[in-house]
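Below is one structure, written out as C-alpha cells; comments come after it.
Read from first to last, the chains carry the letters A, B, C, D and E; within each, the first residue is number 1.
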Amino acid sequence: MWWTLGLVLLIIKLTIVISVLFGFAAYMVLVERKLLGRFQIRYGPNRVGPFGLLQPLADGLKLIIKEDFVPRSADRLVFLTAPAVVAAVPLVIAAVIPFAADFTIGGTRIPMVITDLNIGMLFVLALASLAVYGVALGGWASNSKYSLLGAIRGSAQLISYELSMGLSLVPVVMIAGSFSLVDIVNAQARLPFILVQPVSFIIFLISAMAESNRIPFDLPESENELIGGFHTEYSGMRFGLFFVGEYVSMIVLGALTTVFFLGGWRGPLLPSLFWFLFKTMLIPLFFIWTRATLPRLRYDQLMHLGWKFLLPVALINIVVTGGVMLLMGW
Amino acid sequence: MLSEELKQELRKMIADAESSREKAVDVMLDIQEHHLWMSDEAMEEAAELLGMSPLELDELATFYDFIYRSPVGKYVIHVCDSAMCWLEGHQRVMDHISTSFNVPIGGTSPDGLFTLLPVCCIGYCDRAPAMVINRRVYGKLTPEKIDRILGRLARDNEFHPPE
Amino acid sequence: MPRLVIDDLEIEVPKGTKVIDAAERLGIMIPRFCYHEALGAVGACRMCAVKFIEGPLKGVQMSCMIDAQDGMVVSTTDQEAVDFRKRVIEWLMINHPHDCPVCDEGGQCLLQDETVSSGHGRRRYPGRKRTYRNQYLGPFIAHEMNRCIHCYRCSRYYQEFSGYRDLGPLQIGNRVYFGRFKEGRLESPFSGNLVDICPTGVYTDIPARFKVRRWDLQRAPSVCINCPLGCNTIGNSHYRAVMRVEARMNPYVNGYFLCDEGRFGFSYTNGGADHAQRPWNSRISGADVTVEAALAESASKIAEISAIYGPGAVVALGSTRNSLETQSMLSRLCRRKGWQGPVWFNDPAIYRKVRSGVERLDSGIAVSMREIEFADFVIVAGADLLNEAPMAAMAIRQASRKNATIIVVDPRPISLPFEFRHIPAAPAQIERCLGSLVKGSISKDELKGFDSSAKGFCKALPAKFEEKESGISISELSGQLMSAKRPVIVCGTGIVCESTPAFAADCAQLLRESGKKAGLFYILPGASSFSSALLSGPETKTFSEILPQIEEGLIKALIATESDPFWDFPDRERLDRALSMLDLLVVIDYLPTETVKRATVFHPSSTVFEMNSTFVNQEGRVQHAERVHVGGVPIWGAHPPRIIRNFVPGGDHQPAWELLWKISAETSMLESVLTLGELIAAEIPVFEAVGHSKYPITEGRIIPENSEGSFVKPKASPAKGQTAKGFNLLLTDTIFASREPSAYADTLASVFPEATLFMHSGDANGAGLSEGDMVSVELELGAIQLKLSVSQRMARGFLFLPRQRGIHWQKMKEFSAWIAPERIRKI
Amino acid sequence: MAQPLVLFKNRHPNRVATLDEYRQSGGYAALERFIGGKIDPGEVVRLIDESGLRGRGGAGFPAGKKWEAVPKNAPFPRYLVANADEMEPGTFKDRILLHTDPHCVIEGMILAGYAFSATKGFFFIRPSYDSSAAIMERELEIARQSGFLGKSILGSGYSFDIVVHRSGGRYICGEATALLNAIMGKRPNPIKPPPYPTEKGLWDRPTVVNNVETLACVPHILRNGPQWFKDLSLTSKGAGTKLFCVSGKVNSPGAEELPMGTPLREIIEKHFGGMLPGSEFKACLPGGASTRFLTSEHYDVPMDFDDLKAIGNRLGTAAIMIFDQKTCLVATTHNLMKFFARESCGWCTPCREGLPYMRELLWLIENGEGKEEYIDTLRSMCKQVWNSYCALAPGAAEPVASLLEFFEDEVREHIRLKGCPFNAKAGN
Amino acid sequence: MAQIKSVLRDLLDDVLGLADSYAVTLKHLFRKPITEQYPEYKRLFAERTRGRIILTRDPHGEERCVACYLCSAVCPTDCISIEGAERKDGRRYPLWFRINFARCIYCGLCEEACPTLAIQLTPDFEFSKYGVLDFIYEKEDLLVDHQGKNAEYDYYRHAGVSVEGDKGEHINEKPPVDVKSNLP
C-alpha cells in the first residue's frame, strides 16, 4: 500500500517535473528570443500568436516535421542516440532537486523532491559530466570535421569547468555538512549561502554557464567558425533535442544554483514553490542577459579562465572557508 | 573607256620602264590629262596595263595627292595651306575663289570647271600665297590676280564635261 | 649564339633571333600588334618597345626589330618603356570604337588584353573619333574598319604571305583603310586566317558571328580531316554546337594557318543551321529506334547471314575519312570474323596509286610542309594543289617567296598564288616531262657515281620532252634543278598514271643520289589514305571489284562504316540496283549520305569533334584529335525547353570503332586486345616503332627509315595523241565542294564553285564554243548541263569535270570517259 | 668678301641657263676630265670625301661616304636617284636651282653615277614642279644629244642614262627609302635599314639617293678641287656654299647662294632686305618645318650644320621661315602640325595617331579650349614620337618641343586668356 | 605587495568593465525597439537596392541588351544563360535570356558588368515561389518597358557601329573617311 502510494506520488511528481521542465524549456526559447530582441532594441518573435506566444509550438512542430537527415558516412547508431543523452541528463539531475517545502496531506509528509538522495550533490556532479558524452558522441558520429572540432572543444571545455564547479561546491557541503540537497536547502534557513559564500557562487555561476555551452562559452558550436559545431549535421527533432537539452540544463542549473546558494524554496510570505521557481528563473534570465552582453571567448581565453583563474580561486576559497570554520568552531 | 591610242602610248611607256609598276603614277597622271580623274573603270584598265590588281593600283592612287579618285573639274585649283602661305593669307584666297567662282572648298563648281582643294607646301614660299592649277603654279595671289587667272581660264575654255 | 639578359633572366638564343622572341622563350610576353612570327617584323605598331640598358644599343627600342646580340641587357619593365607603351595604347585607342560588347573579338582580343595590361582606362583625347565604312568581304569574313589599329598584319598576310592581291591598305596617314578595290568576296581561299591574324575585331568570323564568347567555348586540339594534309586545328564548341574552328600552330604541318575549307567546313557536325541534316538517331528500316535495339538488330542479322551464307557474304566498307581506330577495328574484325574487306577505295586505279606511293615513302625522302617552305626547287606533278590540298600551295608559296623555282606539270588550268612555270602535259606525258627534267639535271660525273640500278634508271629516262605550247625550255629548267640544293617533288595521285607515284619516288631518289637533299610529297585522296594503304595488302579489293559479287548475289550484307559509295562511284544506277539486292545494309555514319538513306540498320557515329581519334596524314605523321564536346542536337537557334532530363538529345552517337565492336558481338576481343593503342599496333606493325603503349600518340611519323627503294625502269610512254577525234573526260577535285565531310557543311554551300567544265581554248574554238557558254555534255547514262571555261594553259584533248556535290557526274559509268565532240552541245 | 657664286653663277632673271652658257662657265669640264679621261671612280669619291660635301637634303650625311657604302663587288645594275621631291615647307631651293642651271644638276648626277658605277639615274620630282620636270626632260635630251648622257659617255665606255620620275605628291616620298618604294611603284612607306639602300635599294640593287643641290655641287668640286670648296665656307668645319631660301616677314623673300656659316643676322639683314617695316624678328625655323625655332637670342648664330647642332638645332634644308612679333607661334605650330599629321604615311603609330593628337591639342589651345595639362601631354609626346619608325614624326615634334621650350609663356597665355592673344591673327 | 595590488586593480577594472557592459545591455532592454514592422509597414528602398533583376529598354524602346555575355561570364553562381542573335539592321539582341533566380545571389555583378546598362537590379525583393522551375525567368519575364535607372543612355549612340544612325553620326564621331577623297 505504502509503496503503491509512493509510486503514484512519484509518477505524479515525475510528470509534473518533466512537463514543467519541458514547458519551461520551450518557453525559455521564446523568452530568450524576446529578451534578446529587446536587448538589441528590436521586437523578437511576434508573429505566431499574440506576442509570438505560439512560437515554441510552431518551432516544435516544424522540428518534428522536418526531415531527419543522417549523413551517409555517419556512425548511425551513435549519431541517432547522442541527442537523447544531451536531453536526458538534465532531466535526471532534476530528480534530486527539492522544489518546494515538504507538503503534508493527512499527516503524511510528502517531500517535494522526486528523490532525496543523501549523496545528491555527488549525483548531480556525476551526471553533469555525463552530458558531455552527448556532445562528444554527436560530434564524432557525424563524421564531419566541423562537428568533430566542436565535439573536441566541448569535451575540453566541460572537463575544465567541471573541476571548478565541483570545487566551488565544496565549501557549500562543508558548511551544510551534507551532500543531500534537501539538507543543503535546510542549512540555508537563516542565511542563503550566496551571502556566506559569494566567491563560490560566482565560480559556480560561471562554471554553470560553461557547462551549458552558453555564450560566452559556446565554443563547441560557434557558428562563424564551425557552422554549428557538434550539431552541424543534425536536423529535425534530433537537432531539437540538442536544443531542448541545452535549455533544460539551463533551468536545471538555475534550480541547482537556487538550491546551493539562493536558499532553495525558502522565502517569506508566498508559497515555497513560487519562491523556488522565481529564484530558479533568475539564473537563466541572467544567462540571457549575459548572452546579450558578452562576446564569445577565444579558446585560449576559455582555458585560461578555467584553469588559471577559477580553479585556484576555488581552491583558495576552500582553504579560507575551512580556516574560518576552524576559527569559528563550526 | 580609255582610247586605244592612249592605251598604246601607255603600253609603250610601260615597256620602257625597268618594271611596269614603276610607271603607275605616270600612267595615272597621263590618264588624268585625258579623263580628269581616275574612275573605277579607268583604274581597272590602268591596272591591267600595268599588270597590277586594281587594288594595288588603288593603294597608290589613294596615297598620292595629285591623283584624283573622285570627280574633279577641268581645272583643279590646289591652294597651298602650309606655313608661309597660311601666314600670308591662304584662307582669304580660298574664300575668295569659293565665293567669286562658286566653288565649294574641297568640291567642284556646278559648271564642272573648277575644283578647289587645299594642298601642302608647293615650294613657292617666296611667292606666298600660291596655288597650283593643273600643275601650273601661280604665286603672290591677290583677289584681283585670282579673278584675272580664273577668269581667263573660264573664258578661254568652252568647257564640256567629259562623258 | 648570343647571350643576353632580359628582365634579369639570362638566355642564349640562336643568331638572328629577335629580342621579342628571345623574351618569349623566357616566358616574357612583350606586347605586340604588328609582329607575328609567321609574318616577321616591320616595326609599325611600336608596341613592343623595351629599354636596352647595356650592350650595343641603348635606350627605348622596338624589340621586334632588333636581333639579339651578346651583352644586351634588356628591361621590359623600365618606366620609360612602360610609359611609351602606355602612350602607344592611348594613341591606338583614340579612334577605337566603344563597341567591345557587340564585337566578336571581345574576349580574345589582343588589343583588349594589351589595353588592360598597359593600364590605359580613360580616353583623354578631346577630339572626335575617326570612322570608316565597311565592305562586304564575302560569306566568311565580316569587316568592321572602325576597330582597325593599322598594324598592317592583314595586308602583309594577305599579299605577302598568302599571295593574293585584292585586299590592301588604301589612303594615307590616319585615314589608312584596309579593304578591297570594290566590295566582294575575298579571292583567297585562305581568307579565314585574317580572323586569327587581326589583333582586334576588324575581321571576324561570320559563321560564329554573335554566337559565343571565347570564355564560354569548350576548346580542344583537333585535326582537319578534309584533305590529306592533316592541318592542326582547335575545335571550339558551345551549347553542343561546334561554333568555329581555329588554326593550331604546328610548325611541321600547317604553321599558323588554315585554309577556308578546313576552317569553315565544320557545320556538318551540327547538322547544319537547322540541326536536321545530320542523322542523330539509330534507325531500323528508316524508323527511329534505341541504340540498343539497332545494335542488337545488326548483330543478330549479321550473325544470321554469316551462319547461312558463310562469313564471306558479309563485306565491310571503310573509307579514307575513318579514324585510325576505326580502320584498325575494321581490319581486325574482317580478319577474325572472316568478312570480306575492309574495302577502302572505290577506284582500283586510285587505290593502286596510293599504295605504290605510300610504299615508297621513307623518313629520308618524305618532307613535311615545313620542309617544302625551305625548298629551292619544287616540281608539282599531276596535282591541282589549291583544289586538292590548299595548304600545300601555301607552303610552296613560302618557298616561292624565298626565290625557289616552281614547276607545275599538270594538264589542268592550274592557278596558284605565286609565280610558277606551268607545263600542261597530258597525264600520260607527266612522267616523260618529269623524267627529262630530272635527267637533264644529272651531270655525267654524277651518273658515274651511281650504282647500276640508278644508272639504268637514269639512262632509261627520256632525254627530250617537247613542250610547244607553253614555250618552256625543259633544258633551262634542268640547269636550274642542277644547281638546286633542296628540290622537292610533289606528286598527285588523282589524274596521274598508275605508275607515276612510284616514278616520282624514283626521280626523287635519283636526285638524292646526285647529292641533293631531295624530298617527296604525295597528295593523297582523303584524310586517312595513308593508313588505309598500310592496312591493305595485295589482295585488298576496291568497291568496284566487290560490286559484281553483290550483283551475283554472293554478298548478302554490307557494313558501310563512314563510307558512302554514292559519293565517288561513277554509275549511280548500277549502285542503286546492287544495293537493293542486299539482305542487310548496316551503315555507320555521321553524314546524311545517300547510303545512309538506304540503310537497313543505321547507327549514328561520332564526328572528329565528338571523340578522341587518331589520323595519319599523307607524310605518315600520326596526329591525335581530342574530343571537343560530347555532341548532340545543338541548343543553338531556339529556346531551350524548361524541362529537367538526364540525357543529351541527339547524344546517341558513338565512335565508329565502338559501334563496330558492339555489332560484331566479338566479346573475346577485349581478352586479346586491351587498349586502343594495342589494337592499332596489332594491325599496323610499324606502330611499334612509334611506341604503341602510349595512346594517344601525339607526335610521330610512322614511315620506315629506309624503304625498299627500287628503281623501276620507266615504260615507254604511249604514243602521243589520240587518233580518234574526241575528248578524254577526267574527274578532278575542287575546293569546298569535292570532299567529304566538308562538302556537307552548309557554311560552305554558298561558296561552292560554279559547275564548270574546263576545255582548252583551241579545242573550244574547233567546237565553236567559248568561255562562259552553258553546255550540255552527254555522258554514258545521261546529259549534264554546266558552264564551260576555256583556257590556253591546259592540255589539249581533255575535258575536266569537277567531282563536286550538286553536279550529277555519276552518269559517267566509268571513272573516266571518252567524249565524242558531238556529245558536247551549247545550250 | 664678295658673294661667291657657284651654283647660281648662271642665274638669269626669268630664264634658264642654256647648255652653251653652262659650258662657257666651265660646265662639263669635270665630266670630260674624269669620265672622258677615264679617271678611276675612286678618285671622284676621294675628292668629294675630302671636300667635306654634306647632303643638302636635310640630314647632312657626307656625300662621299654614301657612295663608298656601295660595295665594290655589288651586283649590277646600280641606280642613282636625284631627290627633287622637295616638300619640306619653306623649301624651294631645288626649284630655283633647276630653273637656273639644270645642266649643273645633270653633270652632277652623271659624275655621281660614275663614282659608284651606276647604270641608271632617276630624277624624282614632285608634281607641283611640273615646269621644272619639263625643263629637266628637255635639257636631258640636249645632254644626251651632246654625248654627255646615254651609251658610252664621251666614248669612255661608261653608260649612264637618266629618266625623270614624276611623283604623285606626298611629303614622305622625300624620305630616301620611301622614295625608292615610290619609284618601284609600291606604297611609299619608309623602310628601316638595314639593309641600306646602298646595298639593297631599287629592286634589291645598290642605290644611292642624293639631293639635287648636293649633286649640283659635285662638278664644281671636281673642277676646282676640294680645298677650294672647303674655303668657300665661313666656318672651319663647313664646306662650300649653301642655297638659303628665306620666306616670311622679310622684305625680299627668295633663294640666295651664300657661304656655309653665314650668320642668321647677316642673311636676314644683308641678303634678304631685312625685316618688313613694322616687323621685329621673333623667331625663325632655320631649316624647314621639321627644325626647332631659333629665337632672337640666336640671331647671330652661323648657319652651318655643326654650329646649329651645337645649339640643339639642325640646318635641315636651310629654308629659313621668319616670323615677326605679330605672328602667333601656337597657330603657326598648329599649322605645321596639321601639315605633318596630314602627310604622315600612316605606317607607325606615333606618327599616324600621335601627330593628329598633338595637332588637336594645339588647336584647342589656340582656340581657347586649352588646359594646363595639355602642355605636359604635348611635352611628353614630343619625346615619345622619337620612337617612331622614320624621321618624320621626330621632325614634326621639333617645332612643338621648341615652342614649349622658348615660348611656353605664350602657350600659357593662350590657356589663361581662353583664346589667342594675337587679335590681329595673321592669315587665318 | 605592489604586484598583488596591481592584480587586484586589474581585477577590479575587469569587473567594472563587465558591469559596465551589463549596464549597457540592461539599458537597451527598456528602449523602444526600432524595428519596422514588415509587411504592415513597407519602407521605400533606395534605387540601388539589389533585388529582382530586369532587362531595360533604351530611350527608343529597343532592347538594351546586346547579348555580349559579360553578365553570364561575371555571374558567380552561373545563373544567367543567353543566346545572342542579330537583327536585320545589325543590332544584336538576346534570342533568349534566362536567369535562374533560385541560384541568383543578387550580388549585382551582372549590373556592374553590363556595358549597355541593360541588366539592372530593382528594389523588388518580394518574389517567393513554390516551384523551383518558377524561379527560372525568361526574357519575356525580365524585359520591361522602361529605361530603369539611366533614362537617357543609348549604347548604340556611342558604339560606332552603324545600327542607330550611320557611321560618323554617333556621339563624338567624325564623318566616315572617304577613301576616294581628293582632299589631302
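The rule is short, and it goes like this: a residue touches a chain if its C-beta (ideal position, glycine included) is under 8 Å from a C-beta of that chain, and two chains touch if they have at least 3 such contacts.
Source: prediction; values computed, not measured.
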What are the chains that chain C and chain E both touch?
-> B
Please list the single chain whose C-alpha centre lies closest to the global protein C-alpha centre.
-> C
Selected interface, C-D versus B-D, where C-beta contact pairs are more numerous | B-D
Distance in whole angstrom between the CA centres of chain A and chain D is 104
Distance from the CA centroid of chain A to that of chain C, rounded to the nearest Å?
-> 83
For chain C paired with chain D, centre-to-centre distance based on mean C-alpha positions, whole Å = 55
If you average the Cα atoms of chain A and of chain E to get two centres, how far apart are those centres in Å?
-> 49
Using the touch rule from the top of the page, what residues of chain B touch 2 or more other chains?
-> 52, 59, 62-63, 65, 119-120
At least two other chains touched by the same residue of chain D: list those residues.
-> 170, 187, 342-343, 345
Which chain E residues reach two or more other chains?
-> 179, 184
Give the pairs of chains that touch; include all such pairs.
-> A-E, B-C, B-D, B-E, C-D, C-E
Using the touch definition up top, name the residues of chain B that touch chain D in the complex.
-> 18-26, 28-29, 50, 52, 59-61, 63-67, 78, 81-84, 86-92, 119-128, 132, 135-137
Inside the complex, what are the residues of chain D that reach chain B?
-> 86-92, 94-95, 120, 126-131, 165-171, 182-188, 202-203, 245-248, 253-255, 285, 289, 319, 321, 323, 327, 332, 335-336, 338-339, 342-343, 345, 426-428
Please name which positions on chain C make contact with chain B in the complex.
-> 165-172, 177, 180-182
Which residues, counting only chain E, touch chain B once they are in their complex?
-> 178-184
Which residues, counting only chain B, touch chain E once they are in their complex?
-> 37, 62, 65, 68-70, 72, 76, 106, 115, 117-120
